[in-house]
Amino acid sequence: SGIVTFAHFETCRALLEPEKKFDIGIIGVPFDTATSYRPGARFGPSAIRQASQRQSEKRGYNLRAGYNPYKEWATLMDCGDIPVTPVCNEVALEQMTDAFEELVLRRQSASMPNHPPRYIALGGDHSIILPHLRALRKVYGRVAVIHFDAHLDTYNSSKKNGYWDSEKTRFTHGSMLWMACEEGLISEDYNVHVGLRARIGGKDMDDYHEDTSQGWMRFSTDDIWINGVPAMESVLKKIKDRIPEGYPVYISLDVDCMDPGFAPGTGTMEPGGLTPREVIYLLRGMDFNLVGGDVVEVSPPYDTSEITATAASQVVYELITTMVEKGKPEIPLLRKN
Amino acid sequence: SGIVTFAHFETCRALLEPEKKFDIGIIGVPFDTATSYRPGARFGPSAIRQASQRQSEKRGYNLRAGYNPYKEWATLMDCGDIPVTPVCNEVALEQMTDAFEELVLRRQSASMPNHPPRYIALGGDHSIILPHLRALRKVYGRVAVIHFDAHLDTYNSSKKNGYWDSEKTRFTHGSMLWMACEEGLISEDYNVHVGLRARIGGKDMDDYHEDTSQGWMRFSTDDIWINGVPAMESVLKKIKDRIPEGYPVYISLDVDCMDPGFAPGTGTMEPGGLTPREVIYLLRGMDFNLVGGDVVEVSPPYDTSEITATAASQVVYELITTMVEKGKPEIPLLRKN
Amino acid sequence: SGIVTFAHFETCRALLEPEKKFDIGIIGVPFDTATSYRPGARFGPSAIRQASQRQSEKRGYNLRAGYNPYKEWATLMDCGDIPVTPVCNEVALEQMTDAFEELVLRRQSASMPNHPPRYIALGGDHSIILPHLRALRKVYGRVAVIHFDAHLDTYNSSKKNGYWDSEKTRFTHGSMLWMACEEGLISEDYNVHVGLRARIGGKDMDDYHEDTSQGWMRFSTDDIWINGVPAMESVLKKIKDRIPEGYPVYISLDVDCMDPGFAPGTGTMEPGGLTPREVIYLLRGMDFNLVGGDVVEVSPPYDTSEITATAASQVVYELITTMVEKGKPEIPLLRKN
Amino acid sequence: SGIVTFAHFETCRALLEPEKKFDIGIIGVPFDTATSYRPGARFGPSAIRQASQRQSEKRGYNLRAGYNPYKEWATLMDCGDIPVTPVCNEVALEQMTDAFEELVLRRQSASMPNHPPRYIALGGDHSIILPHLRALRKVYGRVAVIHFDAHLDTYNSSKKNGYWDSEKTRFTHGSMLWMACEEGLISEDYNVHVGLRARIGGKDMDDYHEDTSQGWMRFSTDDIWINGVPAMESVLKKIKDRIPEGYPVYISLDVDCMDPGFAPGTGTMEPGGLTPREVIYLLRGMDFNLVGGDVVEVSPPYDTSEITATAASQVVYELITTMVEKGKPEIPLLRKN
Amino acid sequence: SGIVTFAHFETCRALLEPEKKFDIGIIGVPFDTATSYRPGARFGPSAIRQASQRQSEKRGYNLRAGYNPYKEWATLMDCGDIPVTPVCNEVALEQMTDAFEELVLRRQSASMPNHPPRYIALGGDHSIILPHLRALRKVYGRVAVIHFDAHLDTYNSSKKNGYWDSEKTRFTHGSMLWMACEEGLISEDYNVHVGLRARIGGKDMDDYHEDTSQGWMRFSTDDIWINGVPAMESVLKKIKDRIPEGYPVYISLDVDCMDPGFAPGTGTMEPGGLTPREVIYLLRGMDFNLVGGDVVEVSPPYDTSEITATAASQVVYELITTMVEKGKPEIPLLRKN
Amino acid sequence: SGIVTFAHFETCRALLEPEKKFDIGIIGVPFDTATSYRPGARFGPSAIRQASQRQSEKRGYNLRAGYNPYKEWATLMDCGDIPVTPVCNEVALEQMTDAFEELVLRRQSASMPNHPPRYIALGGDHSIILPHLRALRKVYGRVAVIHFDAHLDTYNSSKKNGYWDSEKTRFTHGSMLWMACEEGLISEDYNVHVGLRARIGGKDMDDYHEDTSQGWMRFSTDDIWINGVPAMESVLKKIKDRIPEGYPVYISLDVDCMDPGFAPGTGTMEPGGLTPREVIYLLRGMDFNLVGGDVVEVSPPYDTSEITATAASQVVYELITTMVEKGKPEIPLLRKN
């Protein structure tokens, strides 16, 4: 119709229309004030939608999957954006938490009454995962996070690092996974980092040890590429071996997992990253019980010719492919624990 | 809601929902294959919408007009885009003609039953004015066109200029006003060019004489600026003296009327153009019986930091201000003549 | 030396070296999280410094002023940046307030012992003026602000505009001048806006009336250009007539006072703005008792070929010219009131 | 001389100077109105020429080939561009067909009298291959096409997909290879796609089956990279096994076969593509009886720092290397069948 | 033909083909190593030619002049570029001097046998005027230079300014007019600067006094705009009053005379400059006995969307208009003195 | 402090403050007038510093090395830039030679009295290596150069290639390694090229043979990637086998060794290059006795979103890692020979 929605999906004001039913929702989170360096990700949702305009139901067959996720059982919906203030992160986090709870806890999926729809969030900076996980926790219990990123994002921001550090500066795009662990939102042993390569703090591996203690397995970019596809297969196998069948999984992809050559439109670039085709390969290998996902840190003012946003829109497509192909998500018995 | 519409207006699929009522509609026309030089205007509607995001009903008071056009009697609607093929201009012109007739002839305005809504078209290249005028002609009779442009756009494309020229190559963004005259769509004596300065054909003023014979008055960019605001006032007075009170008027603004410094995002730049503030000044001085309008030739791949699209979105705002402030349009008795 | 400082000034860590003496300091404030739309101004100080590299003492003669401000009595210093968190505006405002108090209240100027140095702040978004004014208030008493901007920036953010509005969302780049008035920092009757043209709230001039009640005189962009240089002279005269001789004056220049064609590198562009030469003309006409100043809202990710940052660096140069040429600032008897 | 020609080749107005003799001609085709998404490829020929300026006879030794193609037996010529209307594709296709027939059928090569010169066409969008193949068909009979692309470009546009589809909208940059088959221009069994990865239509592999029935073998991007150079060697072997020795071959390279990181300057990007070095490797492995070739879909308004155009100019260089090294082309006995 | 020449003029290798006759030649000088700040002007000739592609004989009527300079008596020729080394300015200056002497002293104009053709040089940095003036001096004697620039470019580089200053560093784009005076190339009293505004050296007007002593009259940007068109008329009158009728005049336009908003693609931007329409107005008012001219300092890597190069190509068009309209140049009796 | 230094290192005016002691210095060389094609590298040092701002001692742990080079024994210093004229390469080379001799021969390292500090030079074009090697030669004797580049840079510029070639045009960014050999600065048998792929001169391998005779081993880009990591390991082994233990080694990295997709911000791009992760892998494998290094040819006007400068800043980080981890450099007995 000319009005830009993700892949020409139907749209509704999902936050205001609780009666609207769908199975998988795209939800934009135009928030970038927990960013430590180059901002701009607040325009990420809009840019990813624009870059998805060559995707459509009609030509949506995923050759690698052998499946057209836009033409199957699932009702797809672009839910628009969560309104979020750019001038106070405390308020913003409340807004996002309320919104995700509304979307996850007070909506029903179209094909599974009494189950919530699932969402792919469009960032926004990476911190937007925290409110999403808070809501998922209430449905699925703890979820395993597969985290594509050059950075750990599990920085323990309760450590006082400078004079001004305090409770108020704790929530950032480098620490929200630490907070997620502290809040008991994520699995105790099944979380996985993919694509790590950024410098870490201090003179030793303390950051890594702390990360391990929060239930994370780590694969660096070098772990992925140095030995080629066999290494990728082995990484995939290790992940599959670790996460129990049917366990709720969330895939979060920070575009800085890719090399700046492929993803200049982001805030904290790290040279030496993944290629888009490796990312797609890995995503295609992750046929988990996906209960949500996101693609984050797309900063359009730094993007060139839409290459980052286009890669991000492909990530969304791959996540939806998995969600639809794998079928409706399982909800553990022991939920809301 | 996060989904981008012009100035956050409500949106509907106006072409498919004839029952939807509104007074002023924004209609995108993503067509740029009648362009002679730099293309890209097919993404103009999307870029103008994006650049209008800081406009809203809440903060819409027009200081120069003393009026908030977004908060008055008029129901405003973003009608999305007209679907249009990029690979055959003959078909595209049919598509656009059908669409404008649907919008103008088979829709009712919200506050004036039995009257059509009015539209601001977002180009797209300048040729999109032709189908709009075709539809208006059927409601209002001939309309006077006030045409902001560096170029005449009244090129007589029936002249055979090269071996390949023919009926098929006649419809271009430089000739559609000549076609509009040939088709009897525009006034015989009240049309006005503002901002002219491009080189013309041949060794003399033939293009101008032909233009005159089609009912045009011409003001060059130099006519506007050389003597400053008094010159602008005099231009405005001449236009007002010429167009009879209540006569249906259409304002069409090609962003190349402005200097490339202010509007790099366009196809056929001409150095030495108007400034945005002159354009706004002139628009504010044109309180005619507006029955439609457009802003065209915004080519986002050549825009820098959205300056052209932002200027274009301001033009839309000024046109709507005039439409709403002036009140509902008069329809001449002698219509469809 | 290759290390980039403003106009090759000497640099010191002014916040850590209280013994360092200078008369006029450049102080960067890399803060942009009180921005309502396009961020990026956190990189403004760095970009302005880079764009000032063609300025130097050696070739610093200001032709319009007939004076080389870089080669006279004043000791000039680039004080670096104030460290400021990007993730919590409450903390950031404290950081900035502390820093400006340190710089203004606990430093001595080189040529006027017992007087503070004066500062030109490099934004950052416009909100950085608030902590600067807080510190100046303690030295000079209330100061008159001459505010170049397309926007009022006196928005009363204590009005609850939406569900989430609260004390916490009050401090923004559109409301800090309202806060400055509330805090008694600025003059009760001598403040001046120059360059206004943005849409305002509601259906009438309420925003303007509230603005008036806070001691502001307003000159729109149209007030400046429509009648040319005589209008500018008249504006200058009105301002001079209003501000008492010797009253402490602060000049704050938001680059969005200029047209987007000249200043694309900013967050909230408004078409129809001032030209750089008008800005320079006005600045040259303002030979007030300057006690501080700033240039703000330079957002490098949106700047093209450094044109905005270069214009900003010229503004700094003009402000310093005035400061140096006018001589050492007068401090009112009744200070700290 | 300063006037930009491909690799500083001599230039002539090849269409107007039939007496001019050369062996290999560069021919620009500034046509981009059969494009479905981002236009701009009309400026491709000019950009590729500019990006080739560091190539020259003097420093033209191809290390991978062990051969300097610009200093051997072949007379090289930049033939300029084919004039082509941007406002009517029917006329444009006629123009291009006439021009290629003129160039191929009515010119003689410098070193093989009675044989035509060979051409590398610079696109323009991909549809320009159709008129080239039409002309080649008349000399060489059917030719085998090796097609580097993320897309099939064999879309059967006789299928009515929407209300407006008709004979007139059939010729597009996604369907011209289907047309080429329908017209009997290409081999019945030796055509090869390399680099495929775009989404296809529908819910199954119908597009692929139709493609197979038109004589195509398909290698996806994944077929190329997943198993590294051995996979590339195997792909090359399969192609060589398939195409009979001496059969006339045409290599067409759509720059979107490469990942957007390497080729942002194009219209329909698909993440996860080939690298330039893989493309070069494959081209170097294709020592066929080349009778023509092209590099297409370079869209300069979306190119960044000329990287796409530079890669395209390298492709031209590799194709010429093969043409010259392999020697003069064979012409099948059974020509003009 | 697709090969890019200025305004589609015919081209020849003018330096190698002495028999080729023409009246006005375009000559590129891709030299930028006498630049003090941002380089890139070596690509200026190529960019200006590209930006002139919408100019042609067919549509070349200059409305302001009432004349089509491309369709009258004059034979126009794009002479390509002068080959010039980027690694040694001493050699480069020799190359340029030789080339201009070849072009000016050893070529005949088409319509005035025994007279040289005239040239518009495309820079390159501003220093390229020196070799051009050297050649003109030998034909016309001293010439009056009308110099559009933000800078004086008459810097006395024989002054030792730093340890490393010497004969070898004397030739720069800021001092070549001082050298031209020292070499007796320019008029003793008729030279004019237009558009000055850059900071100058030292604490007083010494640079200006030295400039005066070299025969220069100065008009700053402020002299042009502050009093509007009447001021421009008065400037024009002063110039006309000064330069004797028929005296040989050379117009040199550094694009930095314009504001960075209109000419970002240059090396040494100065905010507060001329507008393109003022430049065109002034050029149209200068109907002198033009014996040569140039447009310089176009630096494409800093240009945005070709706006600077397009303005430069308009300047060339205006200069040619004057040359052709005014008729063949007069050559003073006392030449070669 | 806000003032930008490499990785927030302390800075001093190293050339003027001989008493300042440090172990490893960053030294900018803003010189780009020995460049053959796209200039701009004069702004390279500034851009690399800006791009290093996310590096700091605090978060400097190199995961691949298992070491934080910024927090160990070495005193790190940003020494600013060497002042260098842009208008005479002869003078510039003198300036650079003097400066490097000052820095290397007349400074002491902090932790090894009587030993010089070591430097990483930030280019500038590649020719800046010559003065660096001249100074190192006087301390360490001949040094082995490991040269990452798409080009040989050993062009014998004493060959007269054109009419204007002479002693004066000899020093260029393509020939300075030939000069280094001629001057006896580099090892006779241990030099290594990595990443070669550019076209070379003539019709055979003469350039390579001449290169061999100057003591170079060559690894092309294809040698690195075609057989993957095993090939890289084998390349590393061959280099290690060749260079004697403890021999002084210099690593010079021209960013054009990388593919244009990763390093668009450079002057002479060659498609088909290395990836940043391959470069990092190779650098990590080169634990030589490093006595100096550089990263060159970063041209910011062509960089997009700082990706090239960020990769360059990573290279500096890797070089420093090696320098610090390997410990203090050995100085051969036979020095100053």
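Letters A, B, C, D, E and F mark the chains in the order given here, with residues in each chain numbered from 1 onward.
One rule holds for everything that comes next: contacts are C-beta pairs under 8 Å (C-beta built on N, C-alpha and C of every residue); 3 or more make two chains touch, one makes a residue touch a chain.
Computed from a predicted model, the values in this text were never measured in an experiment.
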What chains do subunit C and subunit E have as common neighbours? B, F
Could you label the subunit B-subunit C interface same or different, taking same to mean over half of its residue numbers are used by both chains? different
Count the C-beta pairs in contact for A-D and for D-E, then report the pair with the higher count. A-D
Could you tell me which chain lies farthest from subunit B when each chain's centre is the average position of its Cα atoms? F
Among A-C, D-E or C-E, the pair whose interface repeats that of B-E, with over half of its contact pairs matching by residue number, is C-E
Return the distance between the CA-based centres of subunit B and subunit D, expressed in whole Å. 40
In whole angstrom, the CA-centroid distance of subunit B from subunit F equals 57
Hey, how far is the Cα centre of subunit A from the one of subunit B, in Å? 43
Can you list every residue of subunit E that touches 2 or more other chains, as numbers and ranges? 228, 259, 261-262, 302, 304
Report the complete set of touching chain pairs. A-B, A-C, A-D, A-F, B-C, B-D, B-E, C-E, C-F, D-E, D-F, E-F
Subunit E residues within the subunit C interface of the complex: 37, 161, 196-205, 207, 220-222, 225-228, 259-262, 264-265, 268-273, 302-304
Which residues, counting only subunit D, touch subunit E once they are in their complex? 1-5, 11, 13, 28, 30, 45-46, 49-50, 78-83
Contacting residues of subunit C [partner subunit E, same complex]: 53-55, 58-64, 66, 68, 71-72, 228-229, 259, 261-262, 275-277, 279-281, 304-307, 310-311, 314, 317
In their shared complex, at which residues does subunit D touch subunit B? 32-36, 38-40, 42-43, 83, 85-91, 94-95, 164, 166, 168-169, 171-172, 301-302
